[in-house]
């Protein structure tokens, strides 16, 4: 399950095209399909939804997210 | 719909000339037409409006926005 | 109106000698004539006034403003 | 017990494949198996659980964690 | 009055040996004679006084001030 | 007592293998034996204990501590 | 009194071996004898005392202080 992860970015590479959960520093969460990321952990999500306390609050669609607002990213949460 | 996005900045490139929504770290949002951006995600918007809780609070017009104040940018929200 | 802006700093270049509004991270605003800026978005304003809730609170005159305290700069607001 | 640690990252190297506790700046803690890390202290955990006041609040599974949200990492806590 | 300012640091150069007001991020202000500065906007003031709400709270004398705590510097305020 | 300290890191070098107190930005303190540090002031402590108001709250054991969470480090406090 | 200060670090150089006051971002102050500093304004103090509202709260002795926690340093305050 956790095979083939030698560097942290390997996990993001394996998650392209899949749903991920992004925990933000402002206590909110975004869920969406990972389309792209860079070394700053800037990411692009498709079909993005904003969650608060586990409930969907807003549908955002495509979104460019700045890496410095992220605490963690989890591909297996959703 | 999400084709042709290999790197995060590709989404911003495709959004030039279109309306985008910018979620700021201070809980406010800006809506406007994306004219330009750079690698720091500094952006210039035309016809910018400031929103609070989804309502327009102020018309700002042209605006230069510093990248480090941004949480996410969404071209499809508006 | 928004012609000739290819990079974000182009807007600041076109605003030299004109009145701009600067929204700070501490919720205050500065209004003044843009004299100079650099790539860190450090700027110098002449005839600077500090606003709170849209009202002039203080006349500051010439001011050097550090870029990292800025949310946005708008030449058309004033 | 603390042998062979000449540089701080040596401790993380020795902890690969083992359970670690990660204390975050937002007062929460993550526990999981360390799979990978880089020089920014970005890390990947498997079987991640989020703790509050020592109690498990959430099972997160695989997670990419940004280094700048971390206070300390302890391999011997768990 | 605002002549000869092509780059932001020109204003600081012209203010050497003069009284300046420094607005800090923690809502306090320092007033003193500018002796030196560098590209990080670290500055040295002589005869420094700390103000709160426009009133002198403390005489500090010579002071080295870190640039990253500054919002703006004004030579004409005092 | 304070001899042979020409650069700040000399103090940390002299403290290797000794107990140090680390004051964190979040008002907590860590006490432990300094095993290693780097130029970012990332450090590894052995036998780490977390203090609040001078009292031991938790035994952490080995710990990797990120430098950017530190206010000061004192070898002579303990 | 303020002679020979061309660059900000000159003041710190002249303060070596003397008592200085360090104002921290967390509203506390440290007083001690300056032994060493570097370009990040990391400093080492001997005989350090922590002040709150001008009163000594704690004797810390030797201390390595991270530069990014400092607002100002004053050699003439004590």
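Going by the order they are written in, the chains are A, B, C, D, E, F and G; count residues from 1 in each one.
Quick note on the criterion: a residue touches a chain if its C-beta (ideal position, glycine included) is under 8 Å from a C-beta of that chain, and two chains touch if they have at least 3 such contacts.
Bear in mind the structure is a predicted one, so any value in this text is a computation, not a measurement.
Colleague: If every step must land on a chain the current one touches, say how few steps get you from subunit C to subunit D.
Modeller: The fewest touching-chain steps linking subunit C to subunit D number 3.
Colleague: According to the touch definition, list the chains common to the neighbour sets of subunit D and subunit G.
Modeller: F
Colleague: Find the geometric centre of each of subunit B and subunit E from their Cα atoms only, then give the gap between the two centres in Å, rounded to an integer.
Modeller: 34
Colleague: Determine the centre-to-centre distance between subunit B and subunit G, using the mean Cα coordinates as centres, and give it in whole Å.
Modeller: So the centre of subunit B lies 43 Å away from the centre of subunit G.
Colleague: At least two partner chains per residue is the criterion; list those residues in subunit C.
Modeller: Touching at least two other chains: 68.
Colleague: When the cyclic arrangement of chains is written out from subunit D toward subunit F, what order is obtained?
Modeller: Loop order (subunit D start, subunit F next): D, F, G, E, C, B, A.
Colleague: Touching residues of subunit D toward subunit F in the complex: what are they?
Modeller: So the residues of subunit D touching subunit F come out as 1-2, 5-12, 25, 27, 41, 67-68, 70-77.
Colleague: So in the complex, which bits of subunit G are touching subunit F?
Modeller: Residue list for subunit G touching subunit F: 24, 26, 30, 33, 35-38, 42-44, 46, 48, 60-66, 68-69.
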